[in-house]
Amino acid sequence: MLTYVIRRILILIPMLLIISFLVYWGLELTPGDAVSHLINPEAAGRMSAEQLNDLRESYGLNKSFIERYGIWLINVLQGNFGHSLAGGVPIADIFLDRLPATLELSFVALFFSTVMGSILGTISALKRGSAVDSGLTVVGMLGVSIPELFFGLVALLIFALELGWLPVGGRLLPSYTSYWDHVPNIVLPALVLSLMMTAGVMRYSRSSMLDALSREFITTARSKGLPEWRINLLHGFRVALTPVVVLIGFRLPVLIGGTVIIEQVFQWPGIGNEFISSVRGADYPLVMMIALFSVFAVLLASLIIDVLTALIDPRVRLS
Amino acid sequence: METDHNIALSVKNLKTYFYTNNRCNRAVNGVSFDIEKGKTLCIVGESGCGKSVTASTIMQLLPRLSRIEEGSITYHSDAGDIDIENLERNGQKMRAIRGSEIAMIFQDPMTALNPVYTIGFQIGESLKYHTDLTRKQIRDKTIDLLRDMGISLPEQRIDEYPHQYSGGMRQRAMIAMAMSCNPKILIADEPTTALDVTIQAQIFELMDRLKEKHNTAIMLITHDMGVVAELADDVAVMYMGNIVEAGTIDEVLRTPTHPYTRALLDSIPVLGEGKNQIIEPIPGSTPDPYQRPKGCQFAPRCTHYSEQCDIMPAETQISETHRIMCWKYQEFATNGK
Amino acid sequence: MENSSLNRKFDRILALENAGKLKASSGNRALSKFYNNRLAVFGLIVFSIILLTAVFAPLLTSHDPLKINLRNIAQSPSWEHWFGTDRTGRDVFSRVLYGGRISILVGLGSALMAAVIGVAIGAYTGFKGGWIDVIALRISEIFMSFPQIILVLMLVSIAGQSLFNLIFIFVLTGWGAMYRMTRARMLSLREEEYVQALQSFGLSTATICYKHILPNALGPIMVNITLSTAAFILAEAGLSFLGLGVPLNLPTWGNILNVAQEIRVLQNFWWMWLPVGLVISLFVLSVNFIGDGLRDATDPSQQG
């Protein structure tokens, strides 16, 4: 098991190297150079041309592309992600500032959609062909078809603007005294994001459950005279669970995509929101670092999911 | 052979139809047979002839889009007769029979065992629902069962997963599972098709031993005439949903009467007859189940076809135990081998 | 009760079968299965209606979607302007129709191009195997480890905003899924005996691969095209809503929706964003229904 995990990590490293190289290359294609990326732009503005040139020299900008990449990589590994062009804030600080909001939103959505989605999907599969199943199927289809921003806007209009039950947007407002004061703020974005994701998980767990129920060991279980609930839960659901867990890992990119949009609709001050403003403001170092960070998150999630799957499935665990 | 107390299960004029794709497939179209205690009934036929469906019907393990149309399945339990066809599919009464009175083993033990549970867990499940044993007793009994089935080191093997077993061992574990509650009837659906020949022999030997020991009635489904010759006490030959010929092993193998049975026997080599034996494949192929011949289902492939055969022949008893579905049985019965 | 309705259905089939009325269906079984799926047919009808209104937009409206009319700002819906006018007095109805042209072009066009590229590479490398297969697989892995929206926005920030760039970027980010699916089908199909027979006849790899194997993978490919069409239309709407998709001077569904970012518009001028939001939802829904119908129709393991 341990060797399996180590092997998986070893496969990840070259992947990350290639992607970081591509990102760095993208960074080089954009206007500006490493000096403006690595040091505070305001400080750079005060320097003379000669000083800047010395600085370029000291950063090795006259060196080859590969060497420059190496230097940049070492910097990144040491936590020096460079500076944002807007205001010259270190990118690491921006991450620390914005990440909690995004993590909060995505974890709520991930948790809610996984639980609801797999329960509803399983019910749908067990009641196949019934009115409940058709109803859930159509609702699920609506869920994956309505643009989340549109759904978000309508929810915003109804619950925040018209009914006034919930705040329009934002997260930690200055008037809040405790951490829990912002709970009303998270309700709408989290609910919209969760519902959209629930639809996908539901559709998937329905088909996974149907697949599990059509397997031969279900017939075996039935031939032993086991009650239906035990067959469905212990034999059906338990086996259907593995692909659903895998799906959650695969849905991380979807979640990130959804978060970017929803953060924008509800003015949620997370990484996604920051990403949009950096793209709009052509703040290339920030764009690239967020992109790199998101890839890292996706690869990490896939690693965790692989390990989780191995824990669930004895065929992988014991080989 | 009216209500013989030796009979474990009798099936009368059973019809099971499938309703997939908005069509009706008469998968089992009126079969009758008895399974006797301590004996092995072999049901032989090509794939798609309805032999497996017959087995699933007895266990009420049919898929959703199918139903029993007609006929009866009577299980002669110690507490009186039970009409299985009237029981609710997954109802409590049916579940009480499954696994404890009638048990089943399947073709491919790899797919028939749940990959995420240990062998011990899966055998124990059966005991848990059909006996009052405690957890500890279940474990001990499971170990005993595995040992009985010839699995070495059962104390360790009990906690292993199906993928850690070899093919033959998996089928032994399946049999342990089926035999756990001492069923009166064991239905085996091609139990060795997925196994090597040497393992096959071992599995059959095991089944034969269990039959002797517990007086179990065995219904063995196979397409292999060699297996039939080896194991069967009685034989039923199925073709396109009907039993075309049935009788004791001697009657069917020594005096095969239905043209299909004869063709089937001619199409396999016999051990010990040397390399010069004539092997005749059966001409043609099994018809599309949705475009069945009007009368005798074998008529289009039969070398003895005549117009008479366009009407379905009735079952005729040619001896006390030997019966056949063919208009021309007299011709064959007299000039039989 | 489910059982009694099933029993009635069985009785009906049996009666028809006994009367000899059920003949082996002539024609394509997958096609007839598709037409028996009510949701799929509904999807096909809605899809066709929206597609046709977009294509024949000039016949359906006399308003110019680009014409600014400052005397007619933010009018609510009327006979003259079915969906009202926006804040520069442009007719929203004609913008939705003309916007459909570009949005559907982006969605369907990107999906088709991504399919052509993904399938061509997947079929060839999957069949051929070896180092070329490994390289293609690694490249697709790199593309697929970026969350799509991040990759798209990153590329937009490098390549700049234009209709062509957007389609190009969608194809670049979308071919991977198609490639993966085709490759997986190919790996299982190339082990089939008929393929080995063809190889023993000495047919060229390309002929076997594209002419003899590919048609067998057509079902899943079609399903995938519909699903990625839906995904690209949603992506276009999302990006344009953020103001980072198609340049704002072109009417697209996403660009029309863009105005709803302003709370004032959201609350007071519902006609500027609600109809177009519904049209997008309906269109994507119809495409998804078609996709589901195709999947059920072409998957032999699904019976019913």
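Letters are used for the chains, namely A, B and C, taken in the order the chains are written, and counting of residues starts over at 1 for each.
We take it that contacts are C-beta pairs under 8 Å (C-beta built on N, C-alpha and C of every residue); 3 or more make two chains touch, one makes a residue touch a chain.
What you see is a predicted model; the values in this text were computed from it and never measured.
Taking B-C and A-C together, the pair of chains sharing more C-beta contacts is A-C. Core chain by CA centroid proximity to the global CA centroid: C. Centroids of subunit A and subunit B (each the mean of its C-alpha atoms) stand 54 Å apart.
The geometric centre of subunit B is 49 Å away from that of subunit C, both derived from CA atoms.
If you average the CA atoms of subunit A and of subunit C, the two centres end up 24 Å from each other.
The residues of subunit B lying in touch with subunit A in their complex are 56, 59, 61, 90, 94-100, 103-104, 106, 108, 111-117, 125-126, 129-130, 161, 163-164, 174, 177. Residue ranges on subunit A touching subunit C, taken from their complex, read 15, 18-19, 22, 26, 29-30, 129-130, 138, 141-142, 144-150, 153-154, 156-157, 161-162, 168, 252-254, 256-257, 260-261, 264-265, 275-276, 279-280, 282, 284, 287-288, 290-291, 294-295, 298-299, 302. Against subunit A, in their complex, subunit C makes its touches with residues 2, 39, 141-142, 145-151, 153-154, 156-158, 230, 234, 237-238, 241-244, 257, 260-261, 263, 266-267, 273-274, 277, 280-281, 284-285, 288-289, 292.
Remark: subunit B residues 17, 19-24, 64-65, 67, 69, 288, 290-291 touch subunit C in the complex. On subunit C, the positions that touch subunit B within their shared complex are 6-7, 9-10, 13-14, 17, 22, 24, 303-304.
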